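Heads up, the thing below is written out as structure tokens.
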Amino acid sequence: MSEDIAIYHIVEGILFAADRPLTVKQLSELFDEGGRPDTKEIQAAIEQLQYDYKDRGVQCVKLASGYVFRVHEDLGPWVSKLWDEKPAKYSRAFLETLSIIAYRQPITRGEIEAIRGVAVNTQIVKTLIERNWIRVVGHKDVPGKPALLATTKDFLDYFNLSSLEGLPPLSEIKDLDEAAAQLEQEAAIEEQTQSEITLTAVSDEEPTDQLDAAS
Amino acid sequence: MSEDIAIYHIVEGILFAADRPLTVKQLSELFDEGGRPDTKEIQAAIEQLQYDYKDRGVQCVKLASGYVFRVHEDLGPWVSKLWDEKPAKYSRAFLETLSIIAYRQPITRGEIEAIRGVAVNTQIVKTLIERNWIRVVGHKDVPGKPALLATTKDFLDYFNLSSLEGLPPLSEIKDLDEAAAQLEQEAAIEEQTQSEITLTAVSDEEPTDQLDAAS
Amino acid sequence: MTEQALQDELVDFQVLVKGQPLAELPKDLYIPPDALEVFLETFHGPLDLLLYLIRKHNIDILDIPIAEITNQYIAYVEMMKDMQLELAAEYLVMAATLAEIKSRMLLPRSSESDDEDEIDPRAELIRRLQLYEQFKQAALDLDDLPRVGRDTFDVVSGTPDWEKEKPLPDVDFQEMLLALSQALKRVDMTESHLIEREELTVREAMAYVLDAIKVDDFTDFSKLFRPETGRAGVIVTFLALLELLREQMIELVQAGPFAPIHVRAISDE
């Protein structure tokens, strides 16, 4: 960049650095009073930039509140992945419902409620069906003909199971949270390098003993 | 923009939209697996962009943690006016401490003190760590196990560097042995140099007594 | 402290240059006392002060006239003391070091000792000064590098309002099992015999059968059995059919003895 910097380069830098749209007036005020370009010159600089960037990935656009550089709208599919926020987590009720369907399929909502002890949220079932993890495989021949829910192949694929037999036996699951809680506790206590060794030791021993006792 | 969007336009849009530097790998991961360009293609796209923007008000620069678009450094005087806050100035002690860590890493506080001749300001080290410009990378195997300090990628990014090699070269130090040899030679040649006269003369004066008292 | 007082005091130090008492204050000391305090405070330790003295007098760092520099150094340190500036201990240590060097340089050179082994008493000080100067310069160079917020700025361009695809949450398998385990904890565990593992295969087969058959059309009974699942698979499928029949979810139709059996899901109407 030369010693004598062109107005449109300065405007370019300012518009790119700015965290807000800027009007011609605001742009001109960023120049020292001595060498302040007039409105026409700023306007000409903007037109130059709009021309320079017309085929680029960013463009100089005029919004209600001023000029701004903006990513070309065709690039949405790629750029929007940048801020793929970490997806929200499913609720515990969601996971419970899914796991009960997995183990008890085909099952009606009423039966899930009987196991969970609380009503099944309609939204949960809807979400599960939308995600194609469960589907209605039939209707139970009881009054009301409730839908029978079962898991899908997509469900198995997602969890890397070749069949439902790959699900661990329920007897193992019962004490799972205790084992998990203990693991977490151990992990919190342990520091840095030793933690790995300890974690391995813990996972090899304690939970197994517990599971043996439980089964 | 055409239907079939060029890779460098996509990379351009992504880099302009991103609020952080992106590596070639991170850039490629924003493409769908089906149409994911390989490293070479991404690299070529970046080179294209660096060429396209070389005379513009923003430039595609390589930093330690990836590629980023940054406003041309010559535009600082205008762009910095966008914000009311004046850019931070750092004290000499701060810059000296940081430089010594940058050039001599990994280094202990004691070693920094030995170079600067004064105690290291705890607040400076704290600030450097808080800004994530330096971090503790280990502990020296000497009594007291002092922490070894080193600079981070954030430090390099802040100073527009892609690696430590980009730091300005240290001024040369004249070889001491050589210098000492030369001095001795001179001393040998000169029978009665003026400095010796001066030394003798001074030794009779008061300051000597003062020094004796101090030592 | 007036300028005159300052000068008097400095004369008391008998600052010597080339063996002669300094008739005048060094040029660099002609500064107003207020500024002097600020000036003295800017020194970042003894090496910094020494370097200043050396540079101010245009002396080659490799050939420091130690006596002269020592005297000037002491004068400055005394001034700092008098102004009650916080004087780091390092300044006094340096004064002692300088004095030691000075006295060693006064010792007559022993002609017996090997000249090559004799080290210039100033060598270590010179080394430290050089090293410090090197980093003093490095700090200035670092300060000159284009840096974010002063010379260069991060660019973050806005985007049009794209319809953002909402990513689906991830589910960890263990997490799901944990949820189930908690659910099971809540219910009477005696009921858990209803969901025994043994039933799983049958239940899976039930789901399979329900999926394979239709409400409005009959499916060939024999087509429901998958030979690839083996004998056990066939049995499980059969058990599943019986279970579905018992739960009135399917109906079986056979036109006559030994005729093909057809299966149909019971309509939910």
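Annotations for the structure displayed:
Note that the chains are named A, B and C in the order they appear, and that numbering of residues resets to 1 at the start of each chain.
Quick note on the criterion: a residue touches a chain if its C-beta (ideal position, glycine included) is under 8 Å from a C-beta of that chain, and two chains touch if they have at least 3 such contacts.
If you're wondering where the values come from, they're calculated on a predicted model, not measured in any experiment.
Ranked by C-beta contact pairs, the top pair of chains is B-C. Relative to chain C, the most remote chain by averaged C-alpha coordinates is A. Per-chain Cα centroids separate chain A from chain C by 25 Å. Between chain B and chain C the centroid-to-centroid distance comes to 15 Å (mean Cα coordinates, whole Å). Rounded to whole angstrom units, the spacing between the C-alpha centres of chain A and chain B is 36. Along chain B, residues 16-18, 58, 69, 71-72, 74, 79 each make contact with two or more other chains.
Of all residues in chain C, those touching 2 or more other chains are 153-159, listed in ascending order. Remark: chain C residues 13-14, 16, 18-20, 44-48, 62-63, 65-68, 70-71, 74, 88, 90, 92, 94-96, 98-100, 102, 105-106, 115, 118-120, 123, 126-128, 130-159 touch chain B in the complex. Touching chain C in their complex are the following residues of chain B: 16-19, 58, 68-74, 76, 79-80, 87-88, 90, 92-93, 95-96, 98-100, 102-103, 115-119, 157-161, 167-168, 170-171, 173-174, 176, 179-180, 182-184, 186, 188, 194-195, 197-203, 205-208, 210-212, 214-215.
Contact residues on chain B toward chain A in their complex (touch as defined above): 1, 5, 8-14, 16-18, 30-32, 52, 55-58, 69, 71-72, 74-75, 78-79, 81-82.
Taken together, the chain C residues at the contact with chain A in this complex read 153-160, 162, 164-171, 173-187, 189, 191-192, 195-197, 200-201, 203-204, 206-207, 210-211, 247-250, 265-266, 268-269. Looking at the complex, you find that chain A touches chain C at residues 13, 16-17, 19, 58, 68-71, 73, 76, 79-80, 84-85, 87-90, 92, 95-96, 98-100, 102-106, 115-117, 131, 137-142, 145, 147-148, 150-151, 158-160, 163-165, 167-171, 173-177, 180.
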